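By letter and in written order, the chains are A, B and C; residue numbering begins at 1 in each of them.
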Amino acid sequence: MSDSSVNKANAVNNDADAMSAQGYALSKKEMGFARREIRRHKLLAFSLVVPLLLFLAFAFIAPIGSMLHQGFYNPVVNDLVPETLSTLKEWDGKAQPNDIVLNAMAKDLKRLALTRDSGKFSAEINRYLPGSSSVIKSSARKLKRAEDADLADNGAQLLLAANDAWSKPKIWRSIQQAGNIYTDRNYLTALDLERNQSGEIIVRESAQVYMKLYTKTLKLALIITLLCLLFGYPLAYYLANAPSKKANLLMILVMLPFWTSLLVRTTAWIALLQTNGVINTLLLSVGIISEPLELLYTEFSTIVAMTHILLPFMILPLYSVMKGVDPSYFRAAMSMGARPIGAFIQVYFPATLPGLSAGALLVFIISVGYYITPALVGGTDGQMISNIIAFHMQQSNNWSLAAALGSLLLVLILALYWTYDKFIGASNIKLG
Amino acid sequence: MNKKIILAASAVSFMMLAPFKGFAADSLNVISFGGAYGAAQKEHMLDPYTKKTGNKILFEDYSGGIAEIKAQVTANNIQWDVVDIEVIDLERACSEGLLEVIPRDILAAGDDGTPAKDDFIESALANECGVGNIVWTIVYAYNEKTVGSNLPATMADFFDTKKIPGKRAMRKRPQVNLEWALIADGVARADVYKVLATDEGLARAFAKLDTIKGDIVWFDSWSQVPQLLNDGGAVLAQSANGRIFDAIKKENKPFKMIWDAHVYDLDVWAVVKGSKKKELAFDFISFATGTKPLSGMPDVAYGPTRKSSMKLVDPKVIPDLPTSHLEKGVKADGIFWADYGETLGEKFNEWLLK
Amino acid sequence: MTQLPSYYKFWHKLGHYSLKFGAWSVLFFLILPILVIIPLSFNAEPFFSFTRGMVTLDPDSYSLRWYNNIVTNDNWLLAVKNSFIIGIFSTIIATILGTLAAVGLSSQYMPFKRVIMLIILSPMIVPLIIVAAGMFFFYTKFNLAGSFAGLVIAHSALGIPFVIITITATLSGFDRTLYFAGLSSGASPVRSFVDIVVPIIRPGVISGAMFAFITSFDEVVVVLFLAGPGQRTIPRQMFSGLREQINPTILAVATLLIAISVIFLVTLEVLRQRSNRLRGLEGHN
């Protein structure tokens, strides 16, 4: 930020200087006028952008902020069983809590069963202690029928009779933890970490799911980027060196997929790759294979379809850079005795690096966060991190974990975006 | 020129919006399972209702489960009004406060005059949040063309990849799959849920599923099954019986159903908690569960839940109804799944990722 | 060109032909999957593959039944209508806000240009799943989930970067002295803006608007999270169709969408050439 204010000051001086350099001798008064004029222009320019910024703040930035917040904030348990939580404060955390706590829980459970909130409660606790959902729900179901007076006198006994798990400290510790309104737990889970009983952060003992998935996502994105490069480079080279009429015509073939709906392209790959699809039928009728290949719903189909979808993003920047590279350098190098390959590696390739890095970074960024195509053609093998976020949003309803996973993905993407901006400039994204 | 374009565009879109608004305002959102079943419901319940009352209905498909309903209720963003829900999920949805309680006095008497509470079969009104719609069942089926020389006959065969090699299509959720695994492993049908409630029983079920894990094709929606069997995507496929029945009867597909250890269940109509059109939703349910609309469900081999509708059913269809095969079946246990659904769902997903 | 030794010529030729072969293979890879859909959408059978009759060009193997399906299906018709409503309104918002901002951003006096650009373009970069999840959390607080307003706002935000990019691109070659010439010849700032700047950015505005429209028209992730049954769009309908019941109706819809993209592509190409002419650039840039 300090950089830009320096630039700003320079810009003011430069402009004034430029005016005086143009042969006007500016008096102090005139300089002041020029500065005011520049400030007015700045204000004008900025005020044109303000409506958009306000709009984006509401429509786009605030939603992302609320996702980050959702990852930390979870008041559900605190709202559902406030009494139990307040009695739990005295608990030493070691043995079975005293009867006051148990009574409060029994009362809370009955109330939850009657208001049909026991499911909400059990779902939350189950995230801390897998398996406890059935304990809580079946207990609530039993306590629902208990008389209030009976509950007040020996709620503790009724609770213990409903399920033995209430005598163990495990479930109570989970309730205590889940009762915290603000928690770093979801972020830890998203990193495959957890807190042990003494509160230290350790590597999660049960399934190591998410880091594996992040690695896999990055691996797939890398493969797709490399494939796009492998396919895109020769085509861009060919187009850049073709006569301009032909190049313009062929460019339309590149732009058509770019403009075609993503779902249309994904549909096309389903039609091509499915068991009875175009490719299998073709191979079968030619006799290359005797049994249909399993192409769809695999990692392979995810890679192929995404490469197809993202290829134009690689070709466009490559093409525009290659158009600017003077082929005579290349020829000159060859005529001076360099082998074509040597000349290519030493002269031509470095000149195309800006386009290459722009395309590669863009393809990589887009593919890391891709959702639709893996969801439709990926089966179980071809799933990426976005798919698990969608899963926690829509299937397991664990929104806080989805938000935490999303936040990590966001950090990754912003780091890549920052790199892109630093080396290529965000406003240089090619749209054809 | 720009201004003209914008003006024209707004004019066009307002023109499009105008009739639409009226449409959206009083239309009832009804969600069900699509495919042949959805078509039967549209023909016998939705279309006659719209014709009779003039109320528009938006009919949507989903693939079951309670996740979407739960998301709407939790976010207080209710989009669905009436949902067709499997009883295996109903108890859980109701006990978690996701559904409205349906007053029984909205139900019409049977066409023969029998009061509603005597006309419905008992389990159709067992849960206060739902009104029974059909009796259906989950069987597995094969395609005669692709199955090979050994024909399957029992649940054990479904898990026997030596006897019948090839892919098995299963619905991607723990319900029914775990029950089947235990039965195939030798657990008596009557004890399935008792065994499944224990840790050892659960381990046993997953161990059995492990033996065919590499051969399973997972699907989300029942409507995918006929295509999977037809394309050779799967040799054996778990299915709602009506889908297979429809493919055999209407499209002459060479499919066969295996009734051994089928898991039968009811589907009910329910109303999502907080629906802005609660009264309209009740009105629709009252109509849809009348004698005449229910008697159309056997078109896709699902049994009606009213005794008075049963009398209207074509006798030729009766052998294909789940109710004719109850002695070989297992009754899906909604209470078990209400208590264990969350836990087992999680275990199941972990197992899938392993 | 200097005379090259003959073995170079051989390698040169080989290189040339393998390049040509490679380039055309990639072109086929790009275009064939899209073309394959078109004949398949006329399949008389409910499959996604070519039947024997189709290969032998038997007219009975072709039919329009899947197109008929679209026209007679209420859900598809509603989806088409919704897609246009949401697309048009979000295009209007994105274009107005985007054009104003782009003009401001191309001023040499614009402060914090780089940071602001980074923020404005971020909707294009942030994964849609994150955007959709965040919007679901945030918009439900304002009762915007499950409403047209919510979707229009969301899609406007997603379309804005495209408007900004296309307009700033048309302005980048713009000779500012023209504007000042207008000013110095006595025209008011507004007058000279309308007379000089507007004609130059018009192609950029139109192509930006087209990008914004197609972005909304093609968007499905946000729709999946925000839309209720009443707001289903074409891509949403396709998504659930592909997930649940694969049926050539989707291919027919896809074919129609391809036709729309061709129209858009041609329009854009014409606009681009005109813009280049206006800015005094020649040919392809």
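What we mean here is this: contacts are C-beta pairs under 8 Å (C-beta built on N, C-alpha and C of every residue); 3 or more make two chains touch, one makes a residue touch a chain.
Keep in mind it's a predicted model, so treat the numbers as computed, not measured.
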item	value
Far-end chain from chain A, centres as C-alpha averages	B
Chain occupying the middle, per Cα centroid	A
Rounded Å distance, chain A centre to chain C centre (Cα mean)	22
Mean-CA-position distance for chain B and chain A (Å)	33
Intercentroid distance (Cα basis), chain C paired with chain B, Å	39
Contacts with 2+ other chains: residues of chain B	none
Junction residues of chain C, two or more chains touched	136, 243, 246
Contacts with two or more other chains, residues of chain A listed in rising order	274, 276, 393, 399
Complex contact set, residues of chain A against chain C	1, 4, 8, 11, 38, 41-42, 44-49, 51-53, 55-56, 58-67, 70, 231-232, 234-235, 237-239, 244, 247-248, 250-257, 259-272, 274, 276-278, 280-281, 308, 311-312, 320, 323, 331, 334-335, 340, 365, 368-372, 375-376, 386, 389-390, 393, 399, 402-403, 406, 409-410, 413, 417, 420-421, 426-427, 429, 431-432
Residue ranges of chain A touching chain B (in the complex, touch as defined)	113, 115-120, 122-123, 126, 130-134, 137-138, 141, 206-207, 209, 274-276, 292, 297, 379-380, 393-397, 399
In the complex with chain C, residue positions of chain B that touch it	1-2, 5-6, 9-10, 12-13, 16-17, 20, 24, 27, 29, 31, 34-35, 58-61, 63, 75-80, 220-221, 223-224, 227
Contact set on chain B toward chain A in their complex	65, 67-68, 70-71, 74, 92, 94-98, 197, 217-218, 231-233, 335, 338-340, 342-343, 345-347, 349-350, 352-354
Partner chain B, residues of chain C touching it in the complex	75, 78, 81, 84-85, 88-89, 91-92, 95, 136, 140, 145-146, 198, 202, 205-206, 209, 228-230, 232, 240, 243-246
